[in-house]
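In the two complexes below, chain A is the common chain; its partner is chain B in one and chain C in the other.
== the complex of A and B ==
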């Protein structure tokens, strides 16, 4: 067990240091930082540049977030009907939830984190798609395999990818919180820091199943590019198919739960029990992906 | 030196790629020390066999015990098996030093000791000056030597080398052969090669594989007993009568003469073995007034290979 743990840590360290030197790793780091900062800028710009009054922005944001939450929770009807239902006080839970995010919590941070929650699942595969498939394609895995177990290798690579993703997310959230606190000063540090930590926790938990999905695709596909297309393709296709299928047959909307899309928003819920439940779902989802990856990898011809 | 312990025990090993049978029932047992050659034509199943032993390929059918483990890729084997695969490449963007250090750290050796061992392994293959460069700058031959360096890193008990001297210049090939001989004193080294002359220099046991079946295995002496060839350079051209006289020797199986070069296949199967057969030939030559200027034991392993694989029309090195 000690040997296995030691090897997992060595693989994780090697995976991280390799990411800092390899093309795909650097692309992942740069794109994640750029995309994160661009999203933050998108959220801040209307207020920062004075395009809109703060109160009006808050109302619009509450309405927009309410709509997104209604969509994500698979409420009946099209977006227009949902807005109507919200205004008529029908979707009171969604309205309250949205108001919690924009009124009770630092609004811009909530919006940025919600946007990051939509974009990160598409970026995370960039950091994990070549974790296994890269070595399999060049057969350099054959130098490593005699000196380690396949389980240690896969779990080590997973840990390496996860740690890198977590470092990036932490850096992004820290930069956003600092900017909000120092430059915009719309919210006090007392409000920003606890909510910033909650948002960071939500994003870290959310990243777990998507990194695991990247590792799973990297295990199933022998060519890194195929693994990349597979992981991003699945991430994009699941909500598209779910919403399209739902238009024809309501229960097919549940396809959204094939990935954390169906419950990831609950990580920012005002109800702590809902948050814990969503965290457990994320963890479970990731563990299922890793269990499949391990099962496949341990029996694969390499 | 072959020891009495068991390094490898394969029974009824079958491996298929779809409908194609790559290995069709291999039985092979090897001691825990010594240098063993694995030869066979392209596509015979050598690399598949290597890959199954190393645990790269899933064991489909049969049993395979490696060292004291009941199956390949057993956790008990971690760090005790080293492989130099034929077509694997090192990461291009990481220094060789870091890559070897990483491999050694997996064995549980870190810090100054690991660094020393990496430098020593690279020194043994004359690559120490490339340590802090990426693998991208290495030539094919240097890449081969790097493969050997990673295989000898640490103290592996089973070493699988797939074409270790392919693409090496004569000096480096000799150096690698020396390393293999040395490794064979403390580990079981299985070498796959098409260069049978070279292989014959370093191996004690040989297995010949053809179309997924092991057609011969045992000590080189056992496998090649019936295929002893000698090439003799003469000072003069011999006459047809002299050639007939030599052909009539009891132990001469085949004889051919081109200019002043005589090629003789001897039958070493009798009680006196090779010495008796050679003595009889040399007596006959001297009686006929044919003084031998140079005598060289020919490619007997090659002969055995060609006979057993039915590839007599083609030079195995060219396949």
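== the complex of A and C ==
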């Protein structure tokens, strides 16, 4: 067991150092940071450049977030009529949730993290798609396997990809919180730091199933590019198919739960029990993906 | 077919440098053109196109110093040239053209971002402070890569 753990840690360290030298790793780091800061810019610009008054922005943001939450939680009824239903006081829970994110917590941080929650799932496969398929394609995996077990190799690569993604997300959230605290100063540090930590926790947990999905596709596909298209394609296709199918038959909207799209927003819920449940679902989703990947990888003809 | 032992990260860095060289060249050219238009306006030689005249008048009203625009244009051009040269240097794994042109390009890119933040009016920056942070990220990351990670790869 100790040997296996040591091997996993060695593979994780090698995977991280290889990521900094590989093209996909460099592209992943640059794109994640630039996209994250661009999203923050998108959220901050209306206030910082004075395009809109703070109170008006707050009202609009509460409405917008409420609408997005209503759609994401698959509320019954016509999606186009959601805004009207919210204004008439029908979707009270969604309205209260949106107001919690905008009025009780630092608004700009909440908006940025919600946007990151939409974009990160598309970027995370970039950091993991070549973890296994890269070595399989070049057959270099044959030189690694005599010295280690397939399980330790897969788990070590997963840990390496996860750590890299977590370091990037932590750096991104730290930069955004520091910018909000030092430059914009709309909220106090007492409000920013605890909410920043909660948001960081939410994003770290959210990244787990998507990195596992990347590893799964990397195990199933022998060509790295195919693995990248597969993991990104599945991530994009699930919500598209779910919402299209829901227009025809309401229960088909549940297809959204094939990936964490269906509950990821609950990681920012005001109810701590809901947050814990969403965290468990994320971990469960990731574990299912990694169990399938392990099953496939241990039996693969390499 | 020969198999290259060049790390994939160097190829990715070369592509990114090429992209940033083009972006920097476009920005530098815009600033040099603006500076020459301001000079033409003062000399009474500016063409009679209304939108152009209004743009130049806006620039003058914002209190921008044409010398600052010239400096930004020149430093931006240096950044663009250094980055463009570094594309070949990184692909060929050259020490001077790869490592040091990337370093010069990174320093020039960072300098342009900081000087633009200090000298240019907000209307010309077209962005918030966090976009300046974003502009500073790539030069710093590039410096880290060429001076630390790929230090031993750029030796020819």
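Everything below uses one rule, namely that the second predicted complex is superposed on the first by the 300 of 302 C-alpha atoms of A that agree within 3 Å, B and C clash if a C-alpha of one lies under 4 Å from a C-alpha of the other, contacts with A are read in each partner's own complex, and residues count from 1 in each chain.
FYI, contacts are C-beta pairs under 8 Å (C-beta built on N, C-alpha and C of every residue); 3 or more make two chains touch, one makes a residue touch a chain.
What you see is a predicted model, and the numbers here were worked out from it, not measured in a lab.
**Q** Please work out whether A:95 is in contact with chain B alone, chain C alone, both, or neither, and reply first, second, both or neither.
**A** It touches nothing on chain B or chain C.
**Q** In the overlay, answer first, second, both or neither for which of chain B and chain C A:33 touches.
**A** Second partner only, chain C.
**Q** Between chain B and chain C, whom does A:21 touch in the aligned arrangement: first, second, both, or neither?
**A** The answer is both, since A:21 touches chain B and chain C.
**Q** Which holds for A:146: it touches chain B only (first), chain C only (second), both, or neither?
**A** After superposition on chain A, A:146 lies in contact with chain B alone.
**Q** Once chain A of both complexes is superposed, is A:183 in touch with chain B (first), chain C (second), both, or neither?
**A** second
**Q** Quick check on the output: what are the common chain A residues between the chain B footprint and the chain C footprint?
**A** 21-23
**Q** Which part of chain A faces chain C closely enough to touch in the complex?
**A** The contact residues of chain A facing chain C are 20-27, 29-30, 33-34, 37-38, 40-41, 44-45, 48-49, 175-176, 179, 183.
**Q** Can you name the residues of chain A that touch chain B in the complex?
**A** Answer in residue numbers: 3, 6-7, 10, 14, 17-18, 21-23, 138-150, 299-302.
**Q** For the complex, which residues does chain B have touching chain A?
**A** Per the touch definition, chain B meets chain A at residues 51, 54-58, 73, 75, 77-79, 81-83, 85, 87-91, 93-94, 98-99, 102-103, 105-108, 150, 156.
**Q** Provide the residue numbers of chain C that touch chain A in the complex, in ascending order.
**A** Its residues touching chain A are 7-9, 11-13, 16, 122, 127-131, 133-134, 137-138, 141, 145, 149-150.
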